[in-house]
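Order as written gives the chain letters A, B, C and D; numbering starts at 1 within each chain.
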Amino acid sequence: MTEVRSLHPAPDQYAYAFGGREPLLTVAPGTVVELSTEDCFAGNVRGVDDLPSRVCTFPFLNPVTGPIAVEGAEVGDTLAVHFVEIVPSRDWAASSTFPHFGALTTTHATAMLHPALEERVWIYELDAATGTCRFRARRSDLTVELPMDPMHGTVGVAPAAGEVTMSITPAAHGGNMDTPEMRAGVTAYFPVNVPGGMLSIGDGHARQGEGEVCGTAVEAAMHTVVVVDLVKGQAPVSPRIESDGFLMTTGSARPLEDAYRISQLDLVGWTGSLLGLEELDAYQLVSQAGLAPAGNVVDTNYTMVGKLPKSVLGEAKAYDGLHEVLRGVAAEYLASR
Amino acid sequence: MTEVRSLHPAPDQYAYAFGGREPLLTVAPGTVVELSTEDCFAGNVRGVDDLPSRVCTFPFLNPVTGPIAVEGAEVGDTLAVHFVEIVPSRDWAASSTFPHFGALTTTHATAMLHPALEERVWIYELDAATGTCRFRARRSDLTVELPMDPMHGTVGVAPAAGEVTMSITPAAHGGNMDTPEMRAGVTAYFPVNVPGGMLSIGDGHARQGEGEVCGTAVEAAMHTVVVVDLVKGQAPVSPRIESDGFLMTTGSARPLEDAYRISQLDLVGWTGSLLGLEELDAYQLVSQAGLAPAGNVVDTNYTMVGKLPKSVLGEAKAYDGLHEVLRGVAAEYLASR
Amino acid sequence: MTEVRSLHPAPDQYAYAFGGREPLLTVAPGTVVELSTEDCFAGNVRGVDDLPSRVCTFPFLNPVTGPIAVEGAEVGDTLAVHFVEIVPSRDWAASSTFPHFGALTTTHATAMLHPALEERVWIYELDAATGTCRFRARRSDLTVELPMDPMHGTVGVAPAAGEVTMSITPAAHGGNMDTPEMRAGVTAYFPVNVPGGMLSIGDGHARQGEGEVCGTAVEAAMHTVVVVDLVKGQAPVSPRIESDGFLMTTGSARPLEDAYRISQLDLVGWTGSLLGLEELDAYQLVSQAGLAPAGNVVDTNYTMVGKLPKSVLGEAKAYDGLHEVLRGVAAEYLASR
Amino acid sequence: MTEVRSLHPAPDQYAYAFGGREPLLTVAPGTVVELSTEDCFAGNVRGVDDLPSRVCTFPFLNPVTGPIAVEGAEVGDTLAVHFVEIVPSRDWAASSTFPHFGALTTTHATAMLHPALEERVWIYELDAATGTCRFRARRSDLTVELPMDPMHGTVGVAPAAGEVTMSITPAAHGGNMDTPEMRAGVTAYFPVNVPGGMLSIGDGHARQGEGEVCGTAVEAAMHTVVVVDLVKGQAPVSPRIESDGFLMTTGSARPLEDAYRISQLDLVGWTGSLLGLEELDAYQLVSQAGLAPAGNVVDTNYTMVGKLPKSVLGEAKAYDGLHEVLRGVAAEYLASR
């Protein structure tokens, strides 16, 4: 029987970085963890007048829940995280522009003489019954119902080389990749860089567009259930994600073409190893069969996702079918709850 | 009754550039044009021993069919092209690596000390009955059936400022955007930069992955049917595409984040104007509802696509419902054929 | 005795592109050409109230003088241009911000939601006696005397592949590289892409900073004297420049690191071939001895310059000492004038 | 009388990161510190057969000496470091290519299918008497004498937000900027992000080219003397450098144009504040008077330098003339030694 553990941090227990922190929880591989996460504003934006630059204090942005240490995880291993469930814990969510943040504005890196864009907050109503979140325009009466598609923007482990990295940065350790692919039903794979791996999760989104162009998604506190597991060795160079339909790789870097290159090179290598393909043959196959959506084009690194339909793989299974195993664990957990 | 015209260039009639060429055909707005296109190798790669660098002669790469002048098209207008049908004209297609071309290799721009990757050709069998193209590995026996999804990599008009641009370059005039979204059933919108607009089409792909990572797709000669139409004024800054389900914008630039910026800024503006949204409200809505797949990350400019589900638009219609009108023209043409 | 020719275009004879134009002058290799160039505003900005967006008409920006055909120049040859003299033809010059142009502002490529920066004109007084140009602030009384250092922002030949490229674009054919290294006393080398090479020169600057950050330099009409010569074969991949003290290479591309890569790879290759060094040995030597100033970071491509002090070369001479020969021709011309 | 302190770390006392470490030394503002630094290979590359990938152990690369806490330094202050002397402590130095590192090779970020370039070591003889370092080719007999120009590639303080950053990364806290401008005689200014500032210095180079194209310079252990001082408030957004002739700013980011933007925006702001210029007037002046050499185009962030000749400033002095004061302290120290 699968062990079930809980992790519900007190307000002062959230972390704002990956690395350099003692575990809040230590679990055996295969454990189900029920956890709660705060939104990227640390819950401080509750209405349209709560401008983030006033109610949030740098660097206390983008809190993450964790770290969770996995017993037996050694450097070079692969930490697997299966998302069983991601459910908003409130009936509203918030989004905003933020000075010097976003893809269509001057930022600290793409530094310009323009003043910052106006800071503005949008509050979304989340309707669990209809599975929608309601956009409400601020300068007109328009409302738009969008399908809910809950996910976590920030999932990762402690970085290599003893680094401590702000939770808003995505890189080889994962972190703030902000891809909508990180939804319930997928298994994500991370390299273990320190003993225990040290998984942290945060930045729930009721939904987000690809690229997250304005810099924030439909930011929501979440109740989330994951299965945490371990694969010995095989650490990926950058996080991977597997859904029922797709193998996915990620690259987080700047410029955006380098993020693309990292994700596609890993997709070529992964595809090649699963199908026994010579390298250029795998390059050719991915070139015709792969997808390449943007994750984020706003964070301190940008993220691209490489996707290959599993139909291409025939009978081959990634990680010896671990995703299917974890699907089973999730089903069992949900049935028994 | 819709007029139907044909354009089947003789081998020496293909163009290899946008701009600077007399029309091969002049049509009234609303005309159906049946045309044939050669593949990007000008038909010279017919087997795995036909290495492109030997059988193709620079700059005679990526032939396009056209230009087609549209009567009454003036600078500042919008040339609309509805793709009725895109059908491979042979039962095979070709792909290859090409020295100093592709996303995971040194190129003339991302110039490095590495020797070029091996040049290699793959021949795909196209099966019209099953709608598949068969990948056949060159260094093992693996074959993979991929769904056919015919499209044109290169569609565009004469550039502004009297420029003559190689057909392998995508930019504000369209050109070699290499997005799989340019398939049958969509309407593409281009800015008119010179009298007549001067539409050219080429570079058919039996299918391609997003990003076209190795530099070439499943390259196929095509029989293609389009409806060519004209919208007075309203020239987009960069080509747009509309399908039954999505509004799409494109940006072609380097680095890839600039391609993303161009496409997203236009998507924000387009969405805002259709919904009467103030600019930041539109930015917010696109941020949550938009998609952002890569077009190509290999050509002389990179292309990103911005996509908005038309479900977001409610009753609003782009270009007063022109896409639906052209859908009707296409249906009538197909029924009468 | 060196032949001396003149080229003083009438207003309607200026070109605004490289490629696609008949020569205004045809000369034998080794000819001295006295020519005049207009400023990048086509002479239309004459005072601080002459905002470029009002007095200039796109695409009639950045006029160039030429093309000059060189007898015997064949594809693959090298066109050498020695700058004997670059002298402002008026006692004033103009600079400006320009909407959506410059490194610290949203542009058509780095597309953002910000409105354009204010458009503003500065008029510089040029003092030939003291060799200075006087900056005069527009919002205060400050004036600053800057040393004159006249140069041409735009020098190039017809592009390959039949392309016609706006004169504001720098690329492998040269064009609007906007590097202050293009001053009197240097010899520039260009690839011949079409018979005759088709040299054009424009965009004189009384001086400019590296990067040309606001988008325009101290823009001045010029009286310029060049020696035009020909080297058979040896076409460089991108323009090169030689001064008495330095070998220089250029790369024009986006992102800026690709411009750097192109320039440095050529500098490694050039250094290696002149010193008989194996490739990695040349890479190492350039890594320690080379300089890398920005040319422009504002144009449609960015330009980086690679520089190697000729002291590193010992007795080795680029192009068999052609620069010294042309120095001699220049001296003779100046003495005889 | 100026206090003089020493800091000569034992081998196990070197740090490999900025942030997260207790000070090795605490000094009052104005203190002279004599310190020693190891080379970037931690002294393990001593001959051409000592390939870095074999004799060095990740992440123990690029050791830095420090941190040095400055009494009274509070968040938002400016830590000033004047370089009195930088002298190689051995009569040789080392350089190398390194797998997946350098500007003209595939890297972990610019990820490609190419195998790594050959790893090779070069040993330079340093001659204090002639002030030269001797390049010796590995695949031929060529030697080249290059002027010595000792500098530190890595100088910085603890980052903001509690981050711990590998010493090979340059960013807003300084770090591995790898600009040859960081030589004896300059004063560098850093933002104080944590109490004490926590200055560390390493990565001495007997000389380096701009861009450091192969990834390593002429790497040398150093005996270095600095004056460490404090300016209350005025923390720069990114490190600044002042020499007798120039104000300099730095930007460290990717792509390279963003590094350029950061450095130029700060140069515009600094110039404007010193001369009382309105922003666009300062933009214009820097555009004509500024220089923009590359620092590095190889590290995890790239670095560009903005330079303004102090002749432009008239009587205005940065930081109330602190550089001149520290010049005086240095002279006094050297005279008294």
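Assorted remarks:
The definition used in the following text is that a contact is a pair of C-beta atoms (placed from the backbone, for glycine too) under 8 Å apart; a residue touches a chain by one contact, two chains touch by 3 or more.
Note that this is a predicted model, so its numbers are computed, not measured.
Contact with both chain B and chain D is made by A, C.
The chain pair C-D and the chain pair A-D differ in C-beta contact count, and the higher one is C-D. Computed centre separation for the pair chain A/chain D is 35 angstrom, with centres defined by C-alpha atoms.
Inter-chain spacing, taken between the CA centroids of chain C and chain D, is 33 Å. Each of residues 104, 110-113, 117, 254-255, 261, 265, 268, 280, 283 in chain A touches at least two other chains. By the touch criterion given at the top, residues 95, 97, 102-104, 117-118, 120, 122, 133, 135, 137-140, 142, 144, 146, 207-218, 254-257, 260-261, 264-265, 268, 275-278, 280-281, 283-294, 297, 302, 304, 312, 314 of chain A touch chain B in their complex. Against chain C, in their complex, chain B makes its touches with residues 16-17, 19-20, 58-59, 108-113, 160-166, 172, 237, 251, 253-255, 258, 261-262, 265, 268, 279-280, 283. Listed in rising order, the residues of chain C touching chain A in the complex are 104-106, 110-114, 117, 255.
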